[in-house]
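One chain, chain A, links the two complexes that follow: it is found with chain B in the first and with chain C in the second.
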Partner chain A sequence: MRFALRRLGFYALAAWAALTLNFVLPRMLPGDPASAMVARFQGKLEPEALDAMRRAFGFTDASLVEQYLTYLRHLFSGDLGLSIAYFPAPVSDVIGTGLIWTLLIAGVSLVIAFVLGTLLGIVAAWRRGGLLDSALPPALAFLGAFPYFWLAMLLLYLFGYELGWFPMRHAHAAHLSPTLSVEFIGDVAWHAILPVTSIVLASLGGWMLSMRNVMVAELGEDYIQLARAKGLDSRRVMLRYAARNALLPNVTGFGMALGFVLGGSLLTEIVFSYPGQGYLLIQAVRNQDYALMQGIFLMITLAVLVANFLVDLLVLWLDPRTR
Partner chain B sequence: MSGAPLLEVEGLCVDYVTAEGPVRAVDGVTFQLRQGEILGLAGESGSGKSTLIHGIMRTLGPPGVITGGCVRFGGRDLLSMSPEELRRVRWRDIAMVFQSAMNALNPVATVYEQLADTIRAHEPTASARQLRTRGERALELVGIDPARIDAYPHTLSGGMRQRVVIAIALVLEPRVVIMDEPTTALDVVVEKQILQRVLQLKEELGFSILFITHDLPLMLEISDRIGIMYAGRLAELGPAQALRSDAAHPYTRGLMKAFPSTVGPRTVLSGIEGAPPSLANPPPGCRFHPRCDVAIDACRGAAPPLRQRTTGHWAACVHDSVDG
Partner chain C sequence: MTPAASAPPRRSATLAAIAGNRKATLGAIISLAFLVLALIGPLLVADPTDYVTVPLSPPSGDHWLGSTGQGQDVLAQTVVGSRITLLVALVVGLASVLLGALVGVTAGFFGGRVDTALSLLLNVFLVIPGLPLAIILAAYLPSGPFTLGAVLIITGWAWNARVVRGLTLSLRSKEFVAAAMVSGESTGRILVREILPNQLSLLASQFIGGTIYAIGAQVGLEFLGLGDVTSVTWGTNLYWAANDQALLTGSWWTFVPTGLCVALVGFGLVMLNFAVDEVTNPRLASERLWRQALVGGQVDLDSGVTPVLRADPDCAPSSEQELGGAS
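For the complex of A and B:
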């Protein structure tokens, strides 16, 4: 329990640092982005939009401390300013829908890659030097060496364009509106297959290799020798003894990998025109929508922190030594 | 005190397959462990004691391979058993306390789980209640409060962990318990406590013990018979009393002189000059001859076989008497 609270404290601190960085960075740029944009959109933007933008950045004549407090107040009331790209929608609304799609794609592929990679790693270590152990790691390392978006483009080209088996873009067919119907969920899954597969393929090798290596080391430990000698059947030695211990460093790695996978899934979204954060990010960059960009970075950072905290809780539950 | 042979080891050879070729760590070791006896095994570090007992238990991991000999328990050859037959005999009949007993517990399973899965592996029908009572009784046997049964290993002290490992070895009430330095890394008081407990249990449950320690005085005190290993071979084997007063092998005598005697007159302590030979490239003949002060030409020729001196007292030395 004390561990959990300490971790919570740590993440609160990290979140605060991210928020503050988000506030400081634009103010360290030469000139201020708001004025730059005012000049840029001169005459093309409604005055209220400009106003909203300035407010969003908190670029007022007030002192830096006051600006900072205003910024925090806005943030905690969920006010991230107005989006330029999707004017006049508030940034929080724009991000809100995008976030669901990103979490869906990144979350599902992360869980699939982790579970599958871990299982493969367990079997490879258990049958060390066997077919699975010799053939799969090089193949997966090869796949993992490609950038995420490259694999995504390859799948898109092969299975979307050439063979036409899967849809090539978007999260669901345009004629369906989001409901909890079987038809809609099926369609979302259908659209998710290619993006999820590309992320899984790119990250599977890492999970498998690290699980395999930790597990091979674990199998040399004395408690494994005792477990075997005292007559436990192999399945119990493999799962309850070796794998259960080998899992611990891997789960910790899971937390650290989240950031990378999220980053990778942003690129994948762009390839599949998937309406998640990555797609939004492109829109934001294209339209110089600083408020949206900042909002997205903030959301991603917070998502990674929350996920890491969940992983810590998982480790707490898995490893009695941390209690 | 000692009865019929229970565990028979005959000409056992174990090699480690290394990049430079096989290294014979145990070379033709023959001995018997009798019903109800304590057989001590001593010898310098690296003389192959652990390798020998892992060979007996067939718990050698790669690169260790058994390259010859046989191990019989109750007349059945352990080395030719199928994995399933072996799984049944091991622990049920012969259990073992590993040298590194401190690391022999699964860090993420409770003491109860590790005792219970031992019983369940051999008695699948045991009820949850039986598992718990027997687990608690095993802990009591080694002097641990049964209330600690649901503890995780890391919450126990080193000595308690070693006792838990001993409890795991005893929980099925085996007929032979092999103990490889079960009390290393413990202070003398705790060591004595644990050993006393084990000896008491031996009287109650009537198992035989094959016991390895570097503590020669302790070994002389508790063993019925003692085997001395040198560079993978048995140099001497005999009743503890005979080895104490009448060691026939110069190496044994060197070992005895390396320890202060707790009884009798004070003698000058001396070690044995030199270091044990490399097993990859052992000296010809008697492996001890380069360090032996009574070595003669014959020692460099063929390896001397174990010869009986007095009844049950064997030594692998060309000399007949202590003084060559």
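For the complex of A and C:
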């Protein structure tokens, strides 16, 4: 319990650091949302309107402390400012539209890569020196060296453009409206195959290698010898004895990997014009929409923090030594 | 059998072992080739920003890798792009090792409140997702290689610091450090003469890892349009390829060469890193012996996994595939 509370405190601190960074950056560095606005609407807006807009972004003449408190108050009421790219929609609404797609792509890829990579690692360690153990790691290291989004481009070119097996863009066909029908869900899955595959290919190697290395060390332990000496079925020794204990470091890595995968999925989404956070992000960069960029940063950071905390709780439950 | 496996790890022996390692050779050849390409390649090709032919023309005798959506030569762009990309990556790799070592050694060696504060700082940096942070930093700062470098150092040093801190903690409790302290050596001398030399292999591997990270993240940020899109780098090549609808027109030649280069450099560096690890990490070194024994047919695979060498001629190895580090 104390461990969980301490972790919670740490994540609260990290969240505060991210929030504060979000506040400090625009006030410290040259480009700021308001002046971007001014540049964009040059000559088209009354000075009073511009002034009101600056106020809307929280750039007032008040002292920094006051601005900071206002910023925090707005944040806690879910107000992230106004988007420029989608003016005058609030950033929180804009982000809300894409969140589900990003979580879908990143979540599914992460789970598939984790399960598949871990299983491959188990088998590679069990059959050490075998074909799987010697040929796959270098191959996956090579795949992992490609940028996520480049693998996405290649898959899109090969299977979308050349072969035409999979759709080239968007999350679902335009004529289907989001319902819980079999047709719609099937179509979403169909559109998700290429983006998910590109992320899984790029991240599989890391999971496999770390699982393999821990598993190799675990297999040298005495309790494995004892289990074998007892004449236990070798599959049981492999999965229920060795793998179960070797799994812990991979589970711990799960929370942090979410950060990487979310980042990678941002870029992958752009390649597939997938309507998630990545697509919003590129719109934000093109329109110098700082408020939207910062909103996406906050959203992803909070998601990663929550995921890390859940993983901590999971480890607490799995590993009695932390209790 | 390599010297490092049998002899106590002296530096010359370590270097010899790295040189005799197959992964290291492969990695070094690839990395060096790209270094040479970045150094002298730009002198051999035409100006990559010239509009030389019809936009999006496929590879031909005149333009080996075709042209971009603006009619520039893809080969020239790929070769010239390596220069800034690799330079930024190497500088970022080096700087994040130095910063990581500074923070890590300070935290690990001095302990107490210094450690608490620094550990908290680096853990916060570790848990905040790197790419989104890099994106907002790069968006606010003026675009260009310096900004990218700074952003990548800020998002890349924390992991190095954490690992160095751990190693410093364990080194500090070793007898030879205690002996140096008792004999009245200054703190600075202990850090420079006793602590850091024992971390060299770790720092080397962090440098390689940092460079790999910097290449990937740099290309990603530039792909988003957060770099200087008028300069020629691997990232901006991909940015323009995406912007000029390379995919919708099937112009694979505009993005494949650059991506292959990124991956090849990354792969070469990963192989180098594996080799550094294998040679300097005792656990992996013993595994290498074990692997050689497997391939040499001295061990029965089905007998279990305890690394005991037996002279049993009947036990055939299950596989002759050996990509690992037999030297």
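Simple rule for what comes next: the second predicted complex is superposed on the first by the 301 of 323 C-alpha atoms of A that agree within 3 Å, B and C clash if a C-alpha of one lies under 4 Å from a C-alpha of the other, contacts with A are read in each partner's own complex, and residues count from 1 in each chain.
The criterion applied here is as follows: contacts are C-beta pairs under 8 Å (C-beta built on N, C-alpha and C of every residue); 3 or more make two chains touch, one makes a residue touch a chain.
What you see is a predicted model; the values in this text were computed from it and never measured.
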item: First, second, both or neither for A:Arg6, with chain B first and chain C second; value: neither
item: Partner chain in contact with A:Gly220 - chain B first, chain C second, else both or neither; value: both
item: First, second, both or neither for A:Arg73, with chain B first and chain C second; value: neither
item: Touched partner set for A:Pro320, first chain B, second chain C, both or neither; value: first
item: First (chain B), second (chain C), both or neither touched by A:Gln294; value: second
item: Touching partner for A:Arg228 - first (chain B), second (chain C), both, neither; value: both
item: Overlap of the chain B and chain C footprints on chain A, listed as residue numbers; value: 220, 225, 228
item: Touch list for chain C against partner chain A, complex; value: 120, 123-124, 126-133, 135-137, 139-142, 212, 216, 219-220, 223-226, 238, 241-242, 246-248, 250, 252, 255-256, 259, 262-267, 270-271, 274, 283, 287, 290-291, 294-295, 301, 304-307, 317-319, 321-324
item: Sites on chain A touched by chain C in the complex; value: 10-11, 13-14, 17-18, 21-22, 25-26, 29-32, 127-131, 134-135, 137-138, 141-142, 144-150, 153-154, 156-157, 160-162, 168, 216-217, 219-220, 224-225, 228, 256, 259-260, 262-264, 266-267, 270-271, 281-282, 285-286, 288, 290, 293-294, 296-297, 300-301, 304-305, 308
item: In the complex, chain B residues that touch chain A; value: 57, 59, 61, 87-88, 90-92, 95-96, 98, 100, 103-109, 117-118, 121-122, 152, 154, 165, 168
item: Touching residues on chain A, where the partner in the complex is chain B; value: 220-223, 225-233, 236, 240-241, 244-245, 248, 318-321
